[in-house]
Amino acid sequence: MEVSLKTRLGPIELSHPVINASGTFDVLSADLVLEEDLFDRFPFSAYVPKTVTLKPRRGNPPPRLYETAAGLLNSIGLANAGIDAFIREDLPRLAQLPVPVIASVAGESTDEYGACAGLMEGRPEVAAVELNVSCPNLELGGRALGLDPERTHRTVALAREATSKFLIVKLTPNVTDIVEIASAAVDAGADALSLINTVHGMALDRYHLKPVLGHLSGGLSGPAIKPVALRAVFLVSRAFASLPIIGMGGVTDGQDALEFLAAGAAAVAVGTASFRDPLAAAGIANELRKLMQERGIGSVAELSGLAQR
Amino acid sequence: MEVSLKTRLGPIELSHPVINASGTFDVLSADLVLEEDLFDRFPFSAYVPKTVTLKPRRGNPPPRLYETAAGLLNSIGLANAGIDAFIREDLPRLAQLPVPVIASVAGESTDEYGACAGLMEGRPEVAAVELNVSCPNLELGGRALGLDPERTHRTVALAREATSKFLIVKLTPNVTDIVEIASAAVDAGADALSLINTVHGMALDRYHLKPVLGHLSGGLSGPAIKPVALRAVFLVSRAFASLPIIGMGGVTDGQDALEFLAAGAAAVAVGTASFRDPLAAAGIANELRKLMQERGIGSVAELSGLAQR
Amino acid sequence: MDAGLIPANLYECPVVESRQVGAYRQVSFVAPEIAALAQPGQFMMVRLAGKSLDPLLPRPMGVHDVDSDLVKMIIDPVGKGSVALAGAAVGDRLSVLGPLGCGFDLEGAGPAVLVAGGMGAAPLTMLARALAARGREVACILGFKTRSQAMVSELYRDVHVEVVTEDGSAGRCGLACDLLPGLVEKRRGRELPEIFACGPAEMLAEVARMARKHGARAQVSVAAHMACGIGSCQGCAVSRSGGYVKACTDGPVFDAEDLQWR
Amino acid sequence: MDAGLIPANLYECPVVESRQVGAYRQVSFVAPEIAALAQPGQFMMVRLAGKSLDPLLPRPMGVHDVDSDLVKMIIDPVGKGSVALAGAAVGDRLSVLGPLGCGFDLEGAGPAVLVAGGMGAAPLTMLARALAARGREVACILGFKTRSQAMVSELYRDVHVEVVTEDGSAGRCGLACDLLPGLVEKRRGRELPEIFACGPAEMLAEVARMARKHGARAQVSVAAHMACGIGSCQGCAVSRSGGYVKACTDGPVFDAEDLQWR
């Protein structure tokens, strides 16, 4: 049986549904290290660079990583060289990729989100903008903007004004009601949602019994959070039937991708699994095709939202 | 080195810090099945029966369980025979246990919480009452009362009026700010907190790609959620230094118990791990003693909150 | 707290044999106490011993057979837990709690018809032998999807079995239940047979329907997702009129007429 | 998307030997490409091949030695990842990405002093040999907590090593750095030795301090928690004045004077 893996995020056509999760695959670095011409053979159907902010950020003090049961805690703290360096140094090289580039931006204030989105406006290399409103340690008191429906609305509205690009908003699961936050983002003009960013968590050093991360607490990713992510995708996609959703959180094999799509996603993103195997995404897309074949599902459109029907 | 495992929850003295998590160990059933006289040799230092409600509840349709990566999703739905049956049939037998009994109660409305707590008042067999304000599928729209600070306050205040017993309130992690909810519970008169109940999650049947649980979504427990639980214990114990906390969420071995105590708990509860080995708690307490010995920590008081200092 | 508190019926058991039986895996391990006690239809909670959290929980596995000190189970590797157990190699150790649950009631007198679907054939071997030992006439119908599954029927050594496959690749073509009316009809006017069944939910529902129609008693072993196996978690709910019962302690074998069938 | 897209430097490698060396475990596996390319101080990202999610991620492991097609690593089983790797049995397969990172710069000329603490001794064996092969005078100081760790010094076959233990149970009693000033002082007026170090953070800080004091160059291999090993995650941050660098791609070997020491 012929299976088409093609999918779309609004106007953006993707050759298959597997993209990367922001902050987990640095193609410019990986291309130097992996003995594989990544620009020729790219495993993801779109590329999302690490989130950039208006000003450069050093990021949080180490240790920044700790493995937990089937999960990974991180507290990178949006370390990045700033949006100017991104535009000047990275974008020209990323434009050579054979897939669309989705720029991920964040601000240390609501205004900065608008400014960052605006700076992407004139860039033909950028196919879409992803607003990361879900990273902790930004703004006052270290609370992500995306924890609050009003602030989410304000932030997304500002970015919406600043850009005509396809606008994706990436939400945090660390809220009482993710559908309420999703609703605020959609009301304010989001074209699509990415679900989910990491889950708040903490680990102690087994010897010293102090928080192991330099930043004390961090974000949990990987298979451990897959049930949380699947639920978010399912609930939000049920509430906003025609909204494109990029599902992520623990996608590790083709079966996971299949399930996220069935829950209502139009595409899935692979994060932590790329640390097990940097090109895991290629295998995931292949397995997905096989599983769709076995089940007689001919297209992503047919699959997407199956769990809802 | 001599290590004392003794700890206390307010006026209740415990011979060691390992109790069971409500709904995960049914001593009356286990005593029949396990070839071990549980009433003589009881692995937990206190016994928390499954949550009971004013009226009997059938619980949710099966399937009610699904294993995820290092976690377990359940949607039991507070199946129980009702508080009258509990008082009449179970309590007299539980009174024979060699440890204090902590009755876990929930209501389908705020008032019912008060009523349930009141029904425990005259019972000398009951050492403390745990208010489970964190189970989904109760009250209007299936939202747990404990998702909202005002409703938490109202519920706890009603129960506080109804009983002079040591009052423990069990919180859900599925909120934007658990310290805010904890604060509401403490303000309303909680003597102690249990942290955490399960994390919202969902799984799809791998073949049919429909939600696998009869109730669609459920609660995630086990090692997968340990980072979420540790963070909750750490944050709440930092905010309320002298408040006794029962820490739970993925406690599987002595090291886990050590970490929860260091994060600020006065006792830990074992849930999902009892499904790997029904008397796992005994091993956990032994391992805890050994680890404290190795580190030269003489008492639980010395250990509790170490991560904060 | 007590130093070495482990339930007397929780054992760490070395695997001594693992072999493929068509589509299934037969794993044998040393468990003298379970071998001595296990009754047809009882089960065990089994996982690989050790600290690995993947898989996290034990899985319920029927006792397929016992042979002096050995206990045998037959595994259909369909998901994470069963694949892990099927991969247990000789020398690996299993953590086994059991025997658990209520097995089949053997007290009846007349002829017995055993109906199994797929993996359901595993736990019925012991039953067939136990019924025959009590002098009861035993007929077995084993239904499978295909030939590779049907190879498990070879394990019914001394018992005559009728094999049915959905694709006709072994035995007759069809479903196990297709043969049931014939066997019951055959005895019209004589003593009604008692039916014993284990298999997928749809098959059990059909067995229950047929038994009711003919006025025969049917004992069915139901499958349920289980976490604890000892009545602690309430996870293994099975519908009975008016509420749920627990498959692990009230079952897994039930009188078909006591359950609620859709 | 491409059918068989796997990085050319990701290998599945069968384990051919696993043996205890005192407190540590030495594991050897077949990886001809890594054996051919690995430079002293480089590392690999290693996990047990397969789908198990416990542990979830590979761990960075230094290349201890190569022997024709074989690569050897020495593992200190301290936590989940290292215990799992130390448990790899002959025949098990490892997923190995490497060689990775910037190893030691061997281009210097004068004498070399190698200082290792604990597990830090593992990656320096190759370095000692490589420096000697370049005709440089090599002195090694290996510091350990205790005798069982110190047994790893036997793996420095052709190289003379000075062993120090904290409890005096093998070699001299003390810390590795205690011997460093003597070795540097000894050469007062002659060519200053270049220092190469690998070990715990406190030891490296002390090495950096001494090198600065004596005006000697020190190359240090730093430890950091790593998820990707290829510069993707920013998890392996190491403090340098003005910001952080990545241990995995900018290191793990750094000039001590380029880093920020507390």
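Note that the chains are named A, B, C and D in the order they appear, and that numbering of residues resets to 1 at the start of each chain.
Assume a contact is a pair of C-beta atoms (placed from the backbone, for glycine too) under 8 Å apart; a residue touches a chain by one contact, two chains touch by 3 or more.
Being a predicted model, the structure only gives us computed values, none of them experimental.
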{"item": "Shared interface partners, meaning chains that touch chain B and chain C", "value": "A, D"}
{"item": "Touch-network distance, chain A to chain B, counted in steps", "value": "1"}
{"item": "Taking each chain's C-alpha mean as its centre, the one farthest from chain B", "value": "D"}
{"item": "Geometric centre distance via CA averages, chain D-chain B, whole Å", "value": "45"}
{"item": "Distance between chain centroids, defined by C-alpha means - chain C, chain D (Å)", "value": "54"}
{"item": "Intercentroid distance (Cα basis), chain D paired with chain A, Å", "value": "35"}
{"item": "Chain B: positions in contact with at least two other chains", "value": "69-71, 206, 222-223"}
{"item": "Shared interface positions of chain D, touching two or more other chains", "value": "53-54"}
{"item": "Chain contact topology (line, ring, star, complete or other)", "value": "complete"}
{"item": "Chain D residues within the chain A interface of the complex", "value": "1-10, 47, 51, 53-58, 79-81, 95, 97, 100, 224-228, 230-239, 243-244, 249"}
{"item": "Of chain B, residues touching chain D in the complex", "value": "69-70"}
{"item": "Chain D-facing residues of chain A, complex", "value": "5, 15-16, 18, 23-26, 29-30, 32-36, 41, 43, 45, 50, 58-59, 61-67, 69-72, 74, 76, 79, 206, 222-223, 252-253, 272, 274-279, 281-283, 285-286"}
{"item": "Chain D-touching residues of chain C, taken from the complex the two chains share", "value": "52-54"}
{"item": "Residues of chain A defined as touching chain B within the complex", "value": "68-71, 73, 147-148, 174-177, 199-204, 206, 209-211, 216-217, 220, 222-228, 230-231, 234, 250, 255, 258-259, 262-263, 295, 303, 306-307"}
